[in-house]
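Chain naming follows the written order as A, B, C and D, and within any one chain the residues start at number 1.
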Amino acid sequence: MRATEQQAAQNVRLADRFKRIRDTSRRLCEPLEPEDFVVQSMPDVSPTRWHLAHVTWFFETFVLRPHAEGYRPVDERYEYLFNSYYNAVGEQFPRPRRGMLTRPTVREIFAYRDAVDEAVARLLEQRGDDPALAELITLGLNHEQQHQELLLMDIKHVFSCNPLYPAYRPAEDSPATSVQADPALEFEGGLVEVGHAGEDFCFDNERPRHKSWLEAYRLASRMVTNGEYLEFVSSGAYRDPRHWLADGWATVREEGWKAPLYWVERDGSWFEFTLHGLEPLNPDAPVCHVSYFEADAFASWSGKRLPTEQEWEHASSDIELAGNFLDSGALHPLPHGADGGGRHQLFGDCWEWTRSPYTAYPGYARPDGAIGEYNGKFMCNQFVCRGGAAVTSHDHMRRSYRNFFYPSMRWQFTGIRLAEDPR
Amino acid sequence: MRATEQQAAQNVRLADRFKRIRDTSRRLCEPLEPEDFVVQSMPDVSPTRWHLAHVTWFFETFVLRPHAEGYRPVDERYEYLFNSYYNAVGEQFPRPRRGMLTRPTVREIFAYRDAVDEAVARLLEQRGDDPALAELITLGLNHEQQHQELLLMDIKHVFSCNPLYPAYRPAEDSPATSVQADPALEFEGGLVEVGHAGEDFCFDNERPRHKSWLEAYRLASRMVTNGEYLEFVSSGAYRDPRHWLADGWATVREEGWKAPLYWVERDGSWFEFTLHGLEPLNPDAPVCHVSYFEADAFASWSGKRLPTEQEWEHASSDIELAGNFLDSGALHPLPHGADGGGRHQLFGDCWEWTRSPYTAYPGYARPDGAIGEYNGKFMCNQFVCRGGAAVTSHDHMRRSYRNFFYPSMRWQFTGIRLAEDPR
Amino acid sequence: MRATEQQAAQNVRLADRFKRIRDTSRRLCEPLEPEDFVVQSMPDVSPTRWHLAHVTWFFETFVLRPHAEGYRPVDERYEYLFNSYYNAVGEQFPRPRRGMLTRPTVREIFAYRDAVDEAVARLLEQRGDDPALAELITLGLNHEQQHQELLLMDIKHVFSCNPLYPAYRPAEDSPATSVQADPALEFEGGLVEVGHAGEDFCFDNERPRHKSWLEAYRLASRMVTNGEYLEFVSSGAYRDPRHWLADGWATVREEGWKAPLYWVERDGSWFEFTLHGLEPLNPDAPVCHVSYFEADAFASWSGKRLPTEQEWEHASSDIELAGNFLDSGALHPLPHGADGGGRHQLFGDCWEWTRSPYTAYPGYARPDGAIGEYNGKFMCNQFVCRGGAAVTSHDHMRRSYRNFFYPSMRWQFTGIRLAEDPR
Amino acid sequence: MRATEQQAAQNVRLADRFKRIRDTSRRLCEPLEPEDFVVQSMPDVSPTRWHLAHVTWFFETFVLRPHAEGYRPVDERYEYLFNSYYNAVGEQFPRPRRGMLTRPTVREIFAYRDAVDEAVARLLEQRGDDPALAELITLGLNHEQQHQELLLMDIKHVFSCNPLYPAYRPAEDSPATSVQADPALEFEGGLVEVGHAGEDFCFDNERPRHKSWLEAYRLASRMVTNGEYLEFVSSGAYRDPRHWLADGWATVREEGWKAPLYWVERDGSWFEFTLHGLEPLNPDAPVCHVSYFEADAFASWSGKRLPTEQEWEHASSDIELAGNFLDSGALHPLPHGADGGGRHQLFGDCWEWTRSPYTAYPGYARPDGAIGEYNGKFMCNQFVCRGGAAVTSHDHMRRSYRNFFYPSMRWQFTGIRLAEDPR
């Protein structure tokens, strides 16, 4: 195949990928009523209509405006309304007030999406061979996939505020499974390399690849289950400051935490609010929607610790990147099956809290301009999570992928894997 | 006409009135999209969907459950969801979180209304001659009319939070008018009577009719206009503590007030957000959406004062109860015309702040049970407003009607009429 | 006696009064350690050192600066530091931060007092026959007496925050007394006059004397006792919204109220924190340190109501102005003795909550200038209290005296007297 | 020298050290008035009287109660009053309310100190050869030295709230110095070791010594000066979000930051509040009282970065531990002199912000019991500072010493040293 043919084939692949990922957003909205698109149930949550418009704004602002000759924005006022946090682009509508807006309506926002999709498709036909443009569109698609996960996290939180506990989608039968105590995995450590290795797309925070010294460590072969976490709850841990970080204990008391975010006790039995509505707690499934504070306290109570992100990346470097992702349709973490050759659930199910604060890798330099605001400015007071979850797209994941959350957050799909130092 | 015929005619009238007032609620929702029904833009505001359901809950709870034999509630869970503040009925879903709910959907709530309407109509056919029942239904209808006004106040506030400034309904042409300085009206005072006189419906807080001593007083023949209030604003009054009550000044500073709630300055010109969208400020129309603090400060700056509610009621006791009400369709206060024989705008246009704190009349006793929570428990820290506004139904108004708001509130349609002591 | 002699005698009396009242402030500080003068235990409380300096600032600002020729202020910076709320005088050090200051020290503040006292004494010698000056000094002395009461209220609150419960002054033995159920007093009502009648000093808010129509009413012959209030507490009233104003119930929940401010339960017995330290609750003494919300709820629970301020003033118009005031040294309300001819405790012991919101009397006009800020700007959201308390100076009291507090406040010495409408 | 003689000599040294360090606390209080000991100017600050009592409580609780036979606590209630955060010891008086207390008085607290000092001295005589006891007392002394620094930080903050700007101690003349641009220091990196090496005292968080891989780096030879930081301020950096971490920018806006904490602008000139009162800003002295957010933003604006704590420790590992500490009496950072052989101010003057979040070293295990609460539970959301400051005791410092603060804090003496990656 000659170079131009190769290029043409690549263009087609990017155009297909663009169409497929944009369609996924629409598909995720199918179970929703117009009323559901509006609500912001806490400042961290964004309304569904906002997610749909914001990811479209991203393409309009960073792809169409600078690169599509003669492009006329759908509505000049959207630049202000749907900018999230890019100070370099201009002022933003205040984040905690996103739920105040009812217009443009959902119908109008889908029309906005259609107009932008058409313009991007046209641009790809004309200039798909421009690598800078392809890179920007690829970034836009990764950005949209992140917001697809946020959309699901957020609508789950919205529904959880309703005492009627609406289901986003009815549950499908899942095969019965059970969980055994697996032996911990042993790693020798030494001078290892972490960070993204290849030339293909990754976020700036995954680079540069660099050396890191690891002491020998042990890593659990699977995630902590609901059953195990219930023992922690039942032991009175949420009333005992000894297990907790000082900031964690303050949060437990201020927020009145008694269990993971979506756990509900009724007449002595535990239930869990899921995207399928309220369901009995499955003791074999991984515990989910715990904060870093809870993950750390559980580890401390267990006499163990959380892994560092370097330990996690080293342990997952030579296994297949497969697991329970958005594509499986489960929308919830599952008890582990036979995958992973003794290393279960490293990918998918739940993001795994590491004890690593989110910081710049040695040699990292924040890119200039608006795109530089993507990651670098959040490198403070957050902790790294690894491996993706049941609401993450499979083709969005990488071994070197670094997600990050404040230690008090728990509306994201985060769980726990234990580590320890060999005696 | 014999007694039974009279009764039958009365039943028909009540049934007609029920149908008409319930239909008004539906009609008021016609300009709205489903998304608009959901938002609670501040704790005092309720979502449109909540208003529609709550007034229906009122009939279900106080009329159908106790009086309609065999009545089966539409959904048992609505008792909790749509109770506003009736502690005697049970726990309530927290008021500031009403905007978190997207279900039941608007469609489901209209179905709820239909089911209750049908059951009430049937009950009225069967037992319309029961005076206690007629009284409860009449209370329910007055309650619904109050919420119709709230619905308009609230959706105006919701739309005002949107930088796109959506219009609830396009404006109609209104006849050009102009305002002259009218001479103040003089009243002699003496021992007068205030409070509701007849046997027909009124709220408990309008009773008992009782004696009150009034000194001689003067009352402005019309309301304060936007033009006059603009002078107050332009004089720097919002930066000068001397005119303000201490609590008022604290509010001005905390809230950053610079003008009435919906005034917007753009390039040196003043606009006003209305239910017709953003419009140029009409200097001849009454100033609206001012708090008690602003009304009191304006009066103080003018060297005058606000009237007491007794003065207001005495002054309006012998003129026709007519004015710019919801029925006119204007949805906004208008410059006065030739009505009122020199006493302009006492009814309709804007609620008029009085200097009277909202308290019990001598001899008032709070009724027992849930209905007793309607008025008495709010007799603290609020001020009485009189006369109704452009968003009040005409047949909801009475000379003795006492509305009440906290002195910092200004999302309701309140304006200013000045009074003074004769020299 | 000739006019000049009369004048000279009056001067001497004012000079004596000045000395006596200023000395009282110093005497009230004798039990305190330097550390005690500094703390502001909540925003409503001011540190003792601030009270001492502020009342001195009042004389310096309103008497010495404008009237004492050649007077040199002790420290120019005190004008800003010790202004309370007189916007007409200039900016003020922020009220809630008064407890941040440790300098000038207590010693320096007493030196400030001495310098001002000397200058006022000299001025009185020279120009004591100027009635305007005498009026200002009289106002300053009344102002200082108000702050003497505040000083005691505030230091009580400061000490109450300390788990060691320090005593301001040890208790003296008080004669054993007991309380009987007295018959309620009956009043016929009619057109009465209220407000200050004579020419001698009163605050502007007590004027003008004016007519008011009263319906017939009954008034309890004594105050509600701790024993009676304990029944209310024990009945579960603090957990039952039915008795409470809506704002009151919100306050009960937010603040976690379970009893009057200084009541402390230990091992099933009730104690009360007093200026003598923690003491067993005396069931016969008047309940004290209740808010308006509690007073209103107690009245509602009792099937009665609070009196209006007009009813109170009418009932106390023909009895001797005597009672348990600061001068008695008890520093706490006492069970009633044989005083008052069947009308017990109308003066002294506790301020009595009335149901009257604090408003302007008909014809009241706010004075111009800084002195006009004394009363008028607080006429909003407060309720009138009458009769003085055990921490009020006897010669500070008048029948027409109107004290006022927000309905949620309870660190002042307020109690309850019941009223009702005749059946 | 035989073992017992050695032991005896060591006992004497510990007893001397105990006496000397305890006396330092008393000496630091000499410039204060009793009023100054009481105030808590923000939740992070503790009143001087609390510091004096708390460090004494530490000896009473961890040394005397468990080890001094027959020891009778001075006042049982102090256990609750003066516990800071040791949940394992029991409940604590709420931290933000420490400034509410006036008793025990300062005099009583000094008596408490005397009683405990005597008991510890007696215990040391009897059992000074018990290494566990010596270790506890050494910990207590290090703890007291930390609180000596806090006492100075805190009283500085208290005084800074007073518009009179009191001086803690008058300034002494300091030799004129000037600052030159020094060449940056170059380090090669590689596999290095960090953490406390020897057997003598260190905090648990400095252990274990462990390997760490460093890339090559450059480190500024001196700290950033006021003059350099003033350029940053003057460039408008406090109004430009591009330089800031997202959390930092939010803090700048919420707190209204415009310059370092104690900088004051008057008529266009800059001053700095110091322990000597308000002084003209010295452009050659290190900038002090900046938060991590400001340090990071300054580095970003400079095109550089902050060092990691490993880089800092490696760079300081082979120079003399000397600098401007508490012992110099300057009480403020000074322009650098000729010390350090080209590596200026690494020790003393200001704590240096590193970009390293405060986390556990590999292999760290939190000790059991109350002493385990000393460090481990704070390993979240804080950043490591190194090197000590002008208010730190010289003999309290170590190369491996890890101080830590939240990134928004700036009342501590923290400054900036820049680093960068070689091109």
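Brief remarks on what is shown
Operating definition for what follows: contacts are C-beta pairs under 8 Å (C-beta built on N, C-alpha and C of every residue); 3 or more make two chains touch, one makes a residue touch a chain.
All values reported here derive from a predicted model rather than from experimental measurement.
Counted as hops between touching chains, the shortest connection from chain A to chain C is 2. Distances between chain centres, each the mean of the C-alpha atoms, put D farthest from chain B. One inter-chain figure worth recording: chain C and chain D are separated by 47 Å, centre to centre, where each centre is the mean of the chain's CA atoms. Here the spacing of chain B and chain C, counted between their Cα centres, is 38 Å. The set of chain B residues that touch two or more partner chains is empty.
If touching chains are joined by edges, the resulting network of the protein chains shown is one closed cycle, each chain touching exactly two neighbours.
Pairs of chains meeting the touch criterion: A-B, A-D, B-C, C-D.
Those residues of chain B lying in contact with chain A across their complex are 33-39, 41, 49, 77, 80-81, 93, 97, 99-106, 158-159, 161-164, 166. Contacts from chain D toward chain A in the complex involve residues 85, 87-88, 191, 210-213, 215, 241-242, 244-249, 292, 296, 300, 305, 355-357, 359-360, 362-363, 366, 377-381, 407, 421.
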